[in-house]
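First chain A sits with chain B, and in the next complex the same chain sits with chain C.
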Partner chain A sequence: MNPVNDTIRFENVSKFYGEVLGVNRVTLSLSPGITTLVGPNGSGKTTLMNLMTGLVQPSRGTISVLGLSPSNATEFFCNVGYCAQFDSFPRGLSGFQFVLDSLMLFGMSEEDAYHLTTESLERVQLSDEAAHRKIAGYSKGMRQKIRLAQAVAHHPRVLVLDEPLNGLDPMARAESLALFQELGRQGMHVIISSHILDEVDRISDRVVLITGGYLIAQGNIHDVRQEVRDKPMQVLIRCDRPDLLASKMFAVNHCVEARLHADGNGVFLRTGDIDEFYRLLNEIAVEGLVKIEAVAPADDNANAIYQYLIGSDGGVS
Partner chain B sequence: MSVFDHDYRPYEGRLTPLGSRPLVLARYALNEAWSSKITIGLFVLALLPSLVELVIIYLADNPIARALVMRGSPALTINESFFLHVLETQCWFALVLASWIAPRLVAFDLSDNALPILLSHPISRFGYLSGKFIALAVSLSYVTWIPCLMLFVYQCYASPEPWAMGHLSLAAGIFAGAAVWIVLLSMVGLAVSSWVKWRVIATGAIFAVVFVPAGVGGIASAILRTRWGLLLNLPVVMTELWQRMLGAPALMNSRLELPTLAMVSVLIIACLLCVAVLNARIRAREVVRG
Partner chain C sequence: MMQQSVGSAIGILRQQPWSLWWIQARRMTRIEIRRNLFTKRAWWIYFLAFIPAVIILIHLVIDSHPGFSMGDDTEVLAGVMQFYYVRLGIFFGCLGIFSRLIRGEMIERSLHYYLLSPVRREVILLSKFFAGAVSSVVLFGAAIIADFVLMYAGYGAAGWDFMLHGPGLGQIEAYLLIMVLACLGYGSIFLLLSLMFRNPMPGAMLLLGWEAINPVMPSLLQKFSVASYLRHLMPVSVPAEGIFALLTVETEPVAAWVAVLGLLALIVVVLTYTCYRMRRLEIRYTTD
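On to the complex of A and B.
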C-alpha cells in the first residue's frame, strides 16, 4: 500500500468552537498500530478524535485519513470505526439491533449485516442472550462492549476509541486490550484515548501527548522519553548488593538520585547521562563485586512521560 | 516497535445505494414512535371520527337506512364541504399525534447524545433528518389522507349515482391538502424537538408554535383593523387553503379572505425557519473538549 494512503495526517490543523479553542496547529502523522492519546481533561483529545472521525470539520488545516478526506463521506466513514465515550445510544434498541442497524447505515445488505453483527458480538464476547436484550438494561461494562462491537463490526481500517476501558472490570479490560493488540498487529490503526495509562502503555506503539489544545509530543514512548533530556532517567537494577551499587553510582556526577527497592533486592537510580551510566554499570559488573540480575528503565512509560511533560495539574511542565 | 502482519481486510462486499440509508433510520424511528401505548391510543382516537363519517356516508347513500334511522331529518349531502370537514378533523388529530411522536424521534437522540454515533456513519445530517421526517410523515399519513381517501373511495362505491369521475379533483385536493399539513407539521415537530430536549416541554412547544402566533395575529388584526394578522393564524390559513384545494364554498367573509400567494408564502417561511433551526441544532458535536 502507498505509505500516504496508509497514514493519518494532520497538517497545521486548528479547531475553534466560537471563541473556545479545541486544538491549535496540530501537525502529526500516524502509521498503523496502536496510538494512545494522552492528556488531561479538556486538553483536546476528544476534539482530535472528532476531527479524525469527520464528526467536526477543522477551522484551519487539512486532515487526511488513509488518503481520504472527511468530505468524501461514503468512503471515509466506511473506513473509520468510532467508539464514543458517552453513553449514547438510540433509544429502544437491543444490542443486536443497534449493531445491525449501524451496519445497514454503512450500506450493508441485511444478510451481510446479520453475519457481521454476530461476528462482532462474538469478538467482544457479548453473549447471545445479552445481545438480544434492550441496551437500556445493560450494565456499564456491557454498554462499553456493545459500543466496541458497533465500532469494529463493519471492518474499518481506522478504529477510534474514546475512553474504551471505562467501566470495564479487570477481566473485560484485559480482553479488550487483547483485541486492540490483535487489531493493531493486523495492521489496523487503533487510536485510543484513555486515562488508564498503565494498561494502554503495554500495548501502545506510540503516544500523542496533548494539553490545552496543543500537541506536546508524539512518537514511540521510548523515543519520546529520550527526548525529555531535562528529566534524569530512572533505571531499576536488580542485584544482590543494591547498597554497594548505589554508593558506587552515586559517586559520579550524573547520578542524581538513588532509592532502594522495597524488597531490598534492587535499586532505582536516576541519571542525567544514560550512556555514561550504562558504561559505568558494565564496569561494575565486570569488577564482580555486585551480581547484577536485571536492568530495566523505570520511567520509560506513558505515565512517567505524562508526569514529566504535562504534570499532575494538567499544565505543561 | 510492533511487527505488523498487514493481513487486516476491510469489508469489500456490496453496498446499498446511499439514498436508501435514511430508510434504516426511518424504520427504527417508526418502531420507536409506535412502541408507545399512547401513540396507539391517539391513533385509535383519531380514527373514531372517520368511523362516524363512514356511517354518515352510508346513511347518505342508502335512503331506506336513512328513513329508518333519521326519520324526518333533512337529506345528508356528501360533497366538498363534507370532505373539508373530514380533512379538517383528521388534520387536527394529526397535530396531536405529531406533538407526541416528534419529540420521541429527535429529542431522545439529543438528550441521549446519540448523534455522534449516528453521524459517524456515511449518513449526513440531511439523511438523518430525512429518516426522521419519513417516519413522522408516514405516521401522520395514517390519520390524515389515508382515512380521508378511504372514505372517498367508499363514497365512490356506495353512491347510487356515478360520483367518482366528477370528483377526482376532490381526491387530489384531499391528498395535496393533507400533504401540505404533514410537511409543515413534520418540519415544526422536528425543529421544536431539536430545540427543546425535554420531551414534555417539546410537546407543549409544538402546540404553542401553532396557537401562540394565532393569538398574536388576532390581537394585531383587531388593533390595526387589518386582515393581514390572520396570516399568523395557522388554523385559519390552513382551513382557507384546504377550502380552496377541495373547491368547497368559502367559509369566511370575502372582506377577510386572504390571497393564496400570501398564505403559501407564510407556509414556506415557516418551513425555512424550521430548516434554519434544524441546521443550527442537529450537529454531530456541541462544544466538547476532552
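On to the complex of A and C.
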C-alpha cells in the first residue's frame, strides 16, 4: 500500500461558520491505528470529523482520506464509516431494516446486504429480537449500538466515531472498546472522540489535542507527554522501602513531589527532569539499598496530557 | 479540436458507473416511496387528493343528477381540475411531499445517513425527486380517475360510453398529463425551496401569489409559471367568474407541445440548480 494513500491528511485546513471559528489552520497526518481526539466542548472535534467525512466543507485547505476526497462519494464512502453524534434515525424503521437499507445503497445484492447486516449486529452484540424492533423504542445504549453497527457494516478502512461510548453501560462500553481495539489491530483507521478519557486512553495509539479550533498537540501519548517539558512528570515506583527512596530522590532539585502509595509498597515521585531522574534511579538500584520491583509513568495518559495542556476550563468533552 | 473535446467528454461519461447509479437510484426511490405513501403523516395528502371524489360520491348517492347534463358535469370536472387540483390540491400536496424529501430529513436530523452513503449527491437528489413524483402522481392520478369515473358513472351506459369511447377518454388523458406536469413542476420548485430556506412555507406562499398574479404579467414573465403552461393543456375551458377570475390564468394562446416542452425545460433548469445546491449542502443541524 502506498503510504500516502494509507493516511488521513489535513493540510492547513480552516473552517468558519460565518463569523464563528470551527477549526483554524489544522495540519494533521494520521496513520492507521486508533486516534483519539481530545478537547473541551466546542473545541472543534466534531468539526474535524465532519470535515473528514465531507458533511461540511473546508473554508480553506485540503483534506484527503486514503488519497480520496468525499466529493467522490462512491469510492470514498465504501472506505469510510462515520458514527456521528446525532441521535436520530429515519422514522418507522427497525434496527435491522435501518442497517439493511444503508447497505442496499452500496449496490450489493440483497443476500449480501442481509448477511452483512446480521454480521454487524452480532459484532455490536445487539440481539436478534432487539434488532427487529422499531428503533423508536430503543434505549440510548441500543441506539448507540445500532449506529455503530451501521457504520461498520460495510467493513470500512476508516471508522470515525463521535462520542461512541455515550449512553453505553459499563459492559457495553467494554465490548465496544474491545471491538475498536480489534479493528485497530486489523490495520484500520479508528478515529474516536470521547470524554471517557481513561477508557479510550488504554486503547489509543495516538492523541490529537484540540482547543478553541486550534490543534495544540498530536502524536503518540508518551511522545506528547515528553514534549510537555514545563510540567513535572509523575512516576510510580514499586519497591520495598519507598520512604528511603523518596528521601534519596529529594536530595536532587528536579524532584518536586513525593507521595506514598496507599498500600505502602510504592511511591509517586514528580520530577522536572525525567532523564536525570531515571539515571539517578538506576544508581539507587545498583547500590542495592532499595529493591525496585516496577517503574511506571503515573501521568503518561491522555487525561493527564489534557489537564496539562488544556486545563479544566470548560470541562472535558 | 471541437471533435476531440466532444470525444473526451463522451469518454468521461462512459467511464462513469452508470449501472451502479441506476441500482442505487432504484433502491433509494423504493425507500422514499415507502416513506411518502405508507406513513401516518401522509394522511392529509390523501385527504387533499380524494376530497373531491368524496364530494362527487355524496352527490352521486344523494342527488342522482337531477336536472344536470353530462355537459354541465364536464364543466364542473374541468373547474375542479383547474381551480382545485392545479391551484390547491396538487400545489399543497406537492408542497407536503417534496419539501419533506430534504428539509424534513434535516428537521428529523437523519439526512446525514444519505450523505454518508456511497451515493453521489445528484443521484440522491434525483432519486428523491423521482420518488416524490411517483408518490404524487400515484395519489393524484388515482384521485382524478376516481373523480372522473364517479362523475359519469351516474349516467349509466351513456356515461360509460362517454368515458370509454367518447370525448371523455381524451379529457381524462389531458387531465392526467396536466396532473403529471403539475406534480413535476411544483415538485421541482418545492424541492429547491426546501434546500434554500429553513421554512419553505413563505416561499410557497409567494409562489402561490406569483401564480395568481402571473396572468397580468408581461408574456416573458408568464413563462416562469407552472399554472400558465398547464392552462394551455386544459381540454375544457372554464369561464372564470367572480372570485375564481382572480385565480384563473389568462395567458396568451400557446400550442400544447410548446407548453409541455416549456414546462419540462423549466423543470430541468430548476432541478439542475437544485443539484448544484445539494452538492454544496452542509450538515449543521443546530443551525438548520
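One rule holds in what follows: the second predicted complex is superposed on the first by the 313 of 317 C-alpha atoms of A that agree within 3 Å, B and C clash if a C-alpha of one lies under 4 Å from a C-alpha of the other, contacts with A are read in each partner's own complex, and residues count from 1 in each chain.
By definition in this document, contacts are C-beta pairs under 8 Å (C-beta built on N, C-alpha and C of every residue); 3 or more make two chains touch, one makes a residue touch a chain.
The shown structure was predicted, so the numbers you read here are calculated from the model rather than taken from an experiment.
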Chain C versus chain B on the shared chain A, clash or fit after superposition: clash
Chain B versus chain C as contact partner of A:A73, first or second or both or neither: both
Touching partner for A:Q234 - first (chain B), second (chain C), both, neither: neither
Chain B versus chain C as contact partner of A:Q85, first or second or both or neither: first
Larger contact residue set on chain A - chain B or chain C: B
First, second, both or neither for A:N265, with chain B first and chain C second: neither
Partner chain in contact with A:Y17 - chain B first, chain C second, else both or neither: both
First (chain B), second (chain C), both or neither touched by A:G33: first
Intersection of chain A interface sets (partners chain B, chain C): 17, 50, 53-56, 73-74, 76-78, 80, 82, 84, 86, 88-92, 101-102, 104-107, 150
Residues of chain A touching chain C in the complex: 17, 50, 53-57, 73-78, 80-82, 84, 86, 88-92, 101-102, 104-107, 150
Residue ranges of chain C touching chain A (in the complex, touch as defined): 17, 20, 23-24, 27-28, 31, 35, 39, 105, 108-110, 112-113, 115-121, 280, 282-285, 287
Contact set on chain B toward chain A in their complex: 1-11, 13-18, 21, 24-25, 27-28, 31-32, 35, 108-109, 112-124, 284-285, 287-290
Chain B partner contacts - residues on chain A that touch it in the complex: 1, 17-18, 20, 22, 32-34, 41-47, 50, 53-56, 73-74, 76-80, 82, 84-93, 97, 101-102, 104-109, 112, 116, 150, 154-157, 162, 183-188, 205, 213, 220
